[in-house]
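So, here come the structures, one by one.
Each of the next two complexes has subunit A plus one other chain: subunit B in the first, subunit C in the second.
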Partner chain A sequence: MNPTIAMITFRAMLGRRRALLLLGLPLLLLALAAGLRMTGTNDLEISTVVLQRFGIATLLPLLALIAGTGVLAPEIDDGQIMYVLTKPIPRQVIVLTKLAVAIVLVTLFAVLPAFLAGLVLTGMTAQVTPAFTVGMLVGGIAYSALFVALAVISRNAVTIGLLYALVWETLLGNFAPGAKSASVQQWALSVADALTDASTVRSTVDLPVALVLLALVTAIGTALAVVRLRSLSVASAE
Partner chain B sequence: MTTSAIHDIGYRHYDGRRLGRAYVLRSLFVHNLRAAFGLGRPARAKVMPFLLAAIMMLPAVGSIAAVALTKQPEALIRYSSYAPLLQIVIAIFLATQSPVLASRELRFHVVPMYFSRPVGHLDFVLAKLAALATALLALMAVPVTLLYVGGLVTRVPGPRDQLLHYLGGLVGCVLFALVLASIGLVIAAFTPRRGFGVAAVIAVYMLSSAVVVIIQELAEAQTNFALAGWVGLATPFNLVDIVQVRLLGTEAASRAQPPGVTGGVVALAVCAALVAGATAVLYARFRKAGLS
Partner chain C sequence: MSTMQLANVSRWYGNVVAVNGVTMDIGPGVTGLLGPNGAGKSTLIHMMGGFLAPSSGTVTLDGAQVWQNPDVYRTLGLVPERESAYDFLTGRQFILAMAKLHKLPDPGAAAQRAIDRVEMEYAADRTIGNYSKGMKQRIKMASALVHDPAMLLLDEPFNGMDPRQRLQLMDLIRQMAAEGRTILFSSHILEEVERLASHIEVIVAGRHAASGDFREIRRLMTDRPHRFLVRSGDDRALAAAIIADGSARSVNLTPKGVEIEATDFQRFTWLLPQVAKQSGVRLWEVAPSDESLESVFSYLVER
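This part shows the complex of A and B:
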């Protein structure tokens, strides 16, 4: 960990109006939760549907994509990354710091709001709220590692990430069950499934498999990012 | 006491024909349309738009193959449902390409250079809007046309109905293109930082559709179908589908629509307001950026 890199990255991600964009997304979830609470339609089934659809399936990949690619891709694009790379800092420290910043951002803007929304919706009924919080946290870590690696590998990181998160996990997931099982979203849901008694939370993946795959994706993503950052060629920005 | 004089040092004036406003508009339009597909830029910029365009063609090809093999005309995807069915791919195209049109000139502070030439602010904005709308129209209309041609070749019954449905589908595509281009350009024009524009456009699409679907499900569970329909106005694909269903008489491709012709007219008014509002906002944005 390098505090200076972490500070610069935080400033780049949260400076000016960007924090408002990041803040706007979770506020919508909280507003929805409050609206459901006020109209009295917050039974357990609806609450889990909201947390699952809006929390795990929408907010989490979106925030992880913004944070995961945002901590590295703009610097690589405009060549500023050279000022960091030419300092005597090991590459794995750079990647781990960036990854840590991304995870902190995802926790702040996706996991924490989901926890609050869960509290508003169900309180602590059937352990739904803590289960989803833990599920989103582990899912967020895996997503962040995946997208940080993508940002180092490709200039089209955001688009490729979108294709994965939307086309693979959502569009193909509806038609092909195999694609659904091979997605971070289902693994995170599996963790949430194991922690709650609510029968409305269902995942297509068993917990041990999900845990192994989550750990594997996180480790491979981080390692890949380190390896690729070692031999990064900085071409002129388009 | 100084005396100064302006000397005529013999520069020639341009006395030739001025090409005029239409030429400016056309040049800007062509330039932006090419940019939307990455033409005239490195191969890296072409990969994504053409990959997405190829993905858009796949279901149409598959559908025609299914009709040809099974002889079941129902296997042909409805022309009006094609865009809503593939809305995720269209949204990704919009998200990746609208910053190309709206953000790059702002990011590199080159907008004043356009306005140092005889380019009107409104022309500049209209050309961008028209170019992105045309690009989106091409993205949607080409596979729909392929479907229609495939239907003709495989002799799907009722050629008259097919032609009418096809023309209705094209009108729907134009509306989809205009509404989506307006939304995408406005969001991208306010997030010039690289990567953020893409994320912001997709965030608006994903969050609006997620919220709308959840509210529609709850409203339907309480048999409040009117509310479910009206909420559909809040997300772009459902909004245009309301116009298609209520005014063009197509089958519904979205979850719920507000009742009757009133619903369709209101949806069409919302579409028009979106396009007009986007033009006004973009005009103000680029006018301001052109001053610095």
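This part shows the complex of A and C:
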């Protein structure tokens, strides 16, 4: 971990208009939770649907996509990454720092709002709120590693990430059970499922499988990002 | 004192060869990397800076491989051509961050030294996004200097600078070379290179076309056959007079005027008005037809 790289990355992420982008969705989730609570429609069934559909299936992948690609892709595109790469810093330190920043951002703008929304909706009923919080946290870590790697590997990281999150996980997951199992979202849900007694939370992936896959995706994503950053070619002007 | 060695370095993108078998040693002092736009200067500098793997050959700094070896940046400083720095930081924050990334013992003092060196103290607390082109160039220079490197690579450092900023930067580069640093900068402008570099490497179409003292290169460039297009009151009579004089290699009568290839540039420019006067021909226009840098370079390659 390198505090200077972390400082620059935080300032780049939070200083621009992107910060508003980061805030929009979580505020919407909180507003929705408050609205449901006030109208008294916050039963366990509906609360679970909100946390699952809005929290794990939408807020988490989108925020992780913005944070995970945002900590590296713009710097690579604009060439500022040269100022970090021309220092005697091991490349794994750069990647781990960027990943840590992405995870902190996902925690602040996705996991924490989901936790608050859960509290507003159900309080601590059947441990649904802490279960989703933990599920989103581990899912957020895996997503971040995946999208940081994508940002180093491809100049079209955001597009590819969106296609994965929207087309693969959301659309294909509804038709093909196989696709559903190969999805960070389902693994995160599996963790949440294991931590709550509520029968409203159901996952298609067994917990041990989910944990192993989450760890694998995180480790492989991080390693891949390090390897690719080591031989990152800066596009020639010519 | 540092030396960078390129041994038979090539780089290709698919079927396109950007740099072709370049071998050179860059030692202390100022070396100018001269070549027309698109010649492969940036590709070469990117390989020297460790940002691009050579497709074949090796680039080493004091014997250490540059590619995939972040440790070389302890002795290497790099000023990239692209303008973007971290625009949201102030100049001082940026340089301090660079000093910290180098893990210097006293980053604050090192940053201050670098800022003073490029004379940016007056603007150090403004954000880089509000800097002019010349100021950005200088703060980038400070970022490359902050760890006091033995070798500096500058990619087109004078691009977009006004004449005063250009002079300041030239002074700075001269000072640093006088301290024993190895400095390489790229440019497509002969005059810039001539004023600053004691040693010149010429790159044309990816090839190492010439190498040496600037006087030598200058002579190579002026001693080539020069082509002129001359329009006059009586092209036919003028052509006959020039042929009779024998100072031209070839004379060609075209509908646009007389095309003359002179072997000796100096002698020809001195002779032409006299020949015209003696034969009573009025000169309307004398235009060099191949003075573009590209044609000078292509002459060097053909040699």
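Some points to look at:
Here, the second predicted complex is superposed on the first by the 234 of 238 C-alpha atoms of A that agree within 3 Å, B and C clash if a C-alpha of one lies under 4 Å from a C-alpha of the other, contacts with A are read in each partner's own complex, and residues count from 1 in each chain.
As a convention for this text, a residue touches a chain if its C-beta (ideal position, glycine included) is under 8 Å from a C-beta of that chain, and two chains touch if they have at least 3 such contacts.
These numbers come from a predicted model, not from an experiment.
Considered on the superposed subunit A, subunit B and subunit C are sterically compatible, since they fit side by side.
By the touch criterion stated above, A:Leu62 is placed in contact with subunit B alone, subunit C being left untouched. In the superposition on chain A, A:Thr159 makes contact with subunit B only, while subunit C stays out of contact range.
When the two complexes are overlaid on their common chain A, residue A:Lys87 makes contact with subunit C while staying clear of subunit B. By the touch criterion defined above, A:Phe54 lies against subunit B but remains apart from subunit C after alignment on the C-alpha atoms of chain A.
Legend: residue contacts after superposition of the two complexes on their common chain; A:Ala219 is shown touching neither subunit B nor subunit C. Once the two complexes are laid over each other on the shared chain, residue contacts for A:Met38 go to neither subunit B nor subunit C.
In the superposed model, A:Thr170 lies in contact with subunit B only, and not with subunit C.
Here the smallest spacing between CA atoms of subunit B and those of subunit C, following superposition, is 11 Å.
Residue overlap on subunit A between its contacts with subunit B in one complex and with subunit C in the other: 78, 238.
Contact residues on subunit B toward subunit A in their complex (touch as defined above): 41-42, 44-45, 47-48, 55, 88-89, 91-92, 95-96, 191, 193-196, 198-200, 202-203, 206-207, 210-211, 213-214, 217-218, 222. Taken in their complex, subunit C has these residues touching subunit A: 18, 37-38, 40-43, 46, 49-53, 68, 70-71, 73-74, 76-78, 80-82, 84-86, 88-89, 97-98, 100-103, 143-144.
By the touch criterion given at the top, residues 2-5, 7-8, 11-12, 15-16, 78-80, 82-91, 230-234, 236-238 of subunit A touch subunit C in their complex. Residue ranges of subunit A in contact with subunit B, taken from their complex: 18, 21, 25, 28, 32, 36, 41, 46, 49-50, 53-54, 57-58, 62, 65-66, 69-70, 73-74, 77-78, 155-159, 162-163, 166-167, 170-171, 238.
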